[in-house]
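Several structures are given next for inspection.
Shared chain: chain A. Partners: chain B in the first complex, chain C in the second.
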Partner chain A sequence: MTSKLIKDYFRTDKLPHIWCPGCGHGIMMRSVAQAIHNLGLDKDKVCIVSGIGCSSRAPGYMDFNTLHTTHGRALAFATGVKLARPELEVMVITGDGDCAAIGGNHLIHAARRNINITTIVFNNNIYGMTGGQYSPTTPTNEFGTTAPYGNIDKSFDIPELAGAAGATYTARGTAYHAKQLTKIVENGIKNKGFSLIEGISICPTYYGRKNRKGSIVDMMNWLKDNALDIKVASKLPEEKVKGKFLIGEFKNVTEPEYTEEYMKIIERFQKER
Partner chain B sequence: MKNSKIKLMQGNEACVEGAIAAGMKFYGGYPITPSTEIAEFSAIKLPLVGGKFIQMEDEIAGIAAAIGGSLAGLKSMTATSGPGFSLKQENLGYAAIAEIPLVIVNVQRGGPSTGLPTAPAQADVMQAKWGTHGDHPTIALSPSSVKETFDLTVRAFNLAEKYRTPVIILTDEIVGHMREKIEIPDASELEIIDRKRPGNNEENYMPYRVREGELVPPMAAYGDGYRFHVTGLMHDETGFPSNSSENAEKLLDRLMEKIDNNLDDIIEYEEYMVEDAEIVVISYGSTARSAKSAIKQLRSQGIKVGLFRPITVWPFPEERVYELSQKVKSIVVAEMNLGQIVLEVERIVKGNCEIALVGKANGEVITPEEIVNKLKEVL
Partner chain C sequence: MSRNNVDLRIKEELCKGCRICVEFCPKKVLIMKNEKVKIDDIEKCIKCGLCELRCPDYAIYLGGNDNEKQ
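Up next, the complex of A and B:
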């Protein structure tokens, strides 16, 4: 039976989605909708922008103002929408390749401007749509169809990258920790500035198969067993933190927001008149 | 003459004046010689009219932001030159398929690559038509003077809004940087066209559904309450992706027809002394000024030459050029490249008359003398 959340926030005639069985993206898409619901946002005033890739098909299913753009460019389009109409709650759903490879430049500059856009990266550690090539978040020594002898690249820590570039809210969740992901998306939306939320997804079809990660359940269990909340980690001895990845909120600060600063310039001239 | 509307102005500034007069409220761009003044004047002028300017991190982001601005309901523009125009091709195609009203200015400079940043060229004419992948309609306008830069910028916005399509202004370093006398018309003297919006309380709005007998769908803005989807994928009238070949054909046909069925509205050209001309020079942009001067010189010697100046470069004034080719002995094409529009002319005239080229791509202008010499050669 279709849940109320699905009925209220999704274009049910566009479902089922195109994602493979076991893909973590559906869970994370639901978390985004749940966060919007929890905050009571007006659907007409929410705009969700995406680029290209598996993640970026999400907005097509979501009943808001939606914009499926070119590869890597979601944040640049979203910046235009937000600056043109600041009253809109602008969100970006992107992937690890879309956001940190081809769109890396747009990511750091959107963060630097601290423009009020909430970006959720569905990170599946691979290029799924094109069939399993290594991405900027594929761990070193793992495999992809274009890393047949093991990946020699180092991977990006996307929240750290965005935080260093000026994002005022950064966090990480996973497809396993769906409730926590909903909460950090809510907090990201509430932040008046650029928010970057990384959601670690699972890709059983390509990343999982190429790297012998086992079944869908095994991959979910891996998320459960290896994610460590940053608040917990700070109280643990180093050896218990080693090898795990951190989830939770990493940065939450207040800085001047771009569109508000621009409005101040416009208002200055309107007053002078 | 304190309140005189007559000003001495640079072409790039006139472009921004025209854009503001046409209702531009959003500019997204990246600095590049010789178009930078368009960004600078936009940055100055837009906040004064409640509009938004943003300098993006690169050329691709500049056009992307402008598309976002247009989708949010604001008339939007971006400007660039050769290297930037190459980068903008990706989202130029997006604007074409997603039917986004948008003005893209290319102040042409010498290429290829970084080329000759401060020297003029007209070598992006074919790129304007074919630069982005896939079949798509193209409208490109080419001004020859500062005043015409103003007029054509207004017209570019009008065409973009009317046909829901990107419109390119193909100017060049000479027209962009030279200063001329210009009288800025009153707002009341200008015809300003705004995009068609969905009617009040339109139920089941579909962003790509055309009304009976029309080719351009009404366009809502994000935030107006319609919650529609826009994609660069082939889509049906609902705006959602469709893989159907039948639908792809239908969409592409409509995209082409909205331009091809309105050539009389879109195409503009100037003719100078062509009635009795035995040779016609076809030239556009700044080069047409040299051509006109050459024609004046030869006319004073009693030689029957005339000028045909496409103001709309794309779609090319095909029908008129074909008519002329039946009447004249030769056509001489003068352009600051190694032969681009001349190929279009050859295709159109189908051997009706002789064709010669005065082409130059070394960063120097084509002088009237060079055109005179070629005309004497073909006489």
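Up next, the complex of A and C:
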């Protein structure tokens, strides 16, 4: 006995999932399933691909066509799936490490191609699965097992990175703002091109402990208190925006999509034959 | 979804005791007992579904009507 959403879209025999108590990934995985449900997509026409990481375990629980691949390579596999079966709704669930460290190159080139894949990054600002090493989204001066004296690097803004590389839809949500996250995942799926949605997650076990972020509830409250909707922010004076991070839709434009352009070339040569 | 025909259900085996639902329930319906969620006062529940929305483990939900499958 579970809710209809869980029963319909999850492999309930695999629950409870392996994620730690309070891990934000569970909340965001539900938001993704809710978005697919809201759009009324045929489950058999959806393919969800992931790499390696706590976040990348999500497709193991989701009852669609799923592909759990190698670390950093989810977008490479997803590109193959999309070109072989363009009629599928191809989605990627990845982590900040999976997509912005080892998989950073795949990310920028998938974005540059504007291939019709919806990527959702579960960003917990750390490598959760391997025990809390700092990632490309760990804020400067914060701690990880590999940054015992504080992280020197500047962190990536993943939606901005993807948008600059050519993604036609970029947005950010959080595990606290789970309803808004569903909405932007829906809009990302609707975009015919590369969509990058960052969901800010919480990792109480590693990121939280290493950085003394308090309890699970404290970490959720931090998301609540520090996220600012971009539409609201545009109406506020600068001092009220300072120190907050933006959520909402950042980019939504239409440009030629890779798979369609590819098929056009094939059709052109088939006609000439 | 009609709010009248749904009721709050807990699947205790799935609850990992994170307290998220307890804390963010707008009507303070829920409490923790032995590291599991418990309903304290169902009369106060407005069936808003926020507990279900944010439970990372799908252990609490509004059941009945069309929101549930056996």
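By our rule, the second predicted complex is superposed on the first by the 271 of 273 C-alpha atoms of A that agree within 3 Å, B and C clash if a C-alpha of one lies under 4 Å from a C-alpha of the other, contacts with A are read in each partner's own complex, and residues count from 1 in each chain.
The working rule: contacts are C-beta pairs under 8 Å (C-beta built on N, C-alpha and C of every residue); 3 or more make two chains touch, one makes a residue touch a chain.
What you see is a predicted model, and the numbers here were worked out from it, not measured in a lab.
J.: Could you look at A:27 and tell me whether it touches chain B, chain C, both or neither (first, second, both, neither)?
T.: second
J.: Give one of first, second, both or neither to describe whether A:73 is in contact with chain B, with chain C, with both, or with none.
T.: In the superposition, A:73 contacts chain B only.
J.: Touch test for A:178: chain B only (first), chain C only (second), both, or neither?
T.: Once the two structures are laid over each other on A, A:178 reaches chain C alone.
J.: Return first, second, both or neither, reflecting whether A:236 touches chain B, chain C, both chains, or no partner chain.
T.: So A:236 meets neither chain B nor chain C here.
J.: Have a look at where A:253 lands relative to chain B and chain C in the superposition and call it first, second, both or neither.
T.: neither
J.: For A:215 in the superposed arrangement: first (chain B), second (chain C), both or neither?
T.: Only chain C is touched by A:215; chain B is not.
J.: Mind pulling up the chain A residues that touch chain C in the complex?
T.: Contact set of chain A toward chain C: 1-8, 10, 15-17, 19-27, 30, 175-176, 178-179, 215-217, 220.
J.: If you look only at chain C, which of its residues touch chain A in the complex?
T.: 9, 11, 13-14, 16-20, 23-24, 52-58, 61-63, 66-70
J.: Please output the residues of chain A touching chain B within their complex, sorted ascending.
T.: Chain A residues touching chain B: 14, 43-45, 47, 49, 59-60, 63-70, 73, 76-85, 87-88, 105-106, 108-109, 262, 265-266, 268-270.
J.: Which bits of chain B are touching chain A when the two form their complex?
T.: 25-26, 28, 47-48, 50, 52, 54, 56-58, 60-61, 64-74, 76, 90-91, 94, 221-233, 240-241
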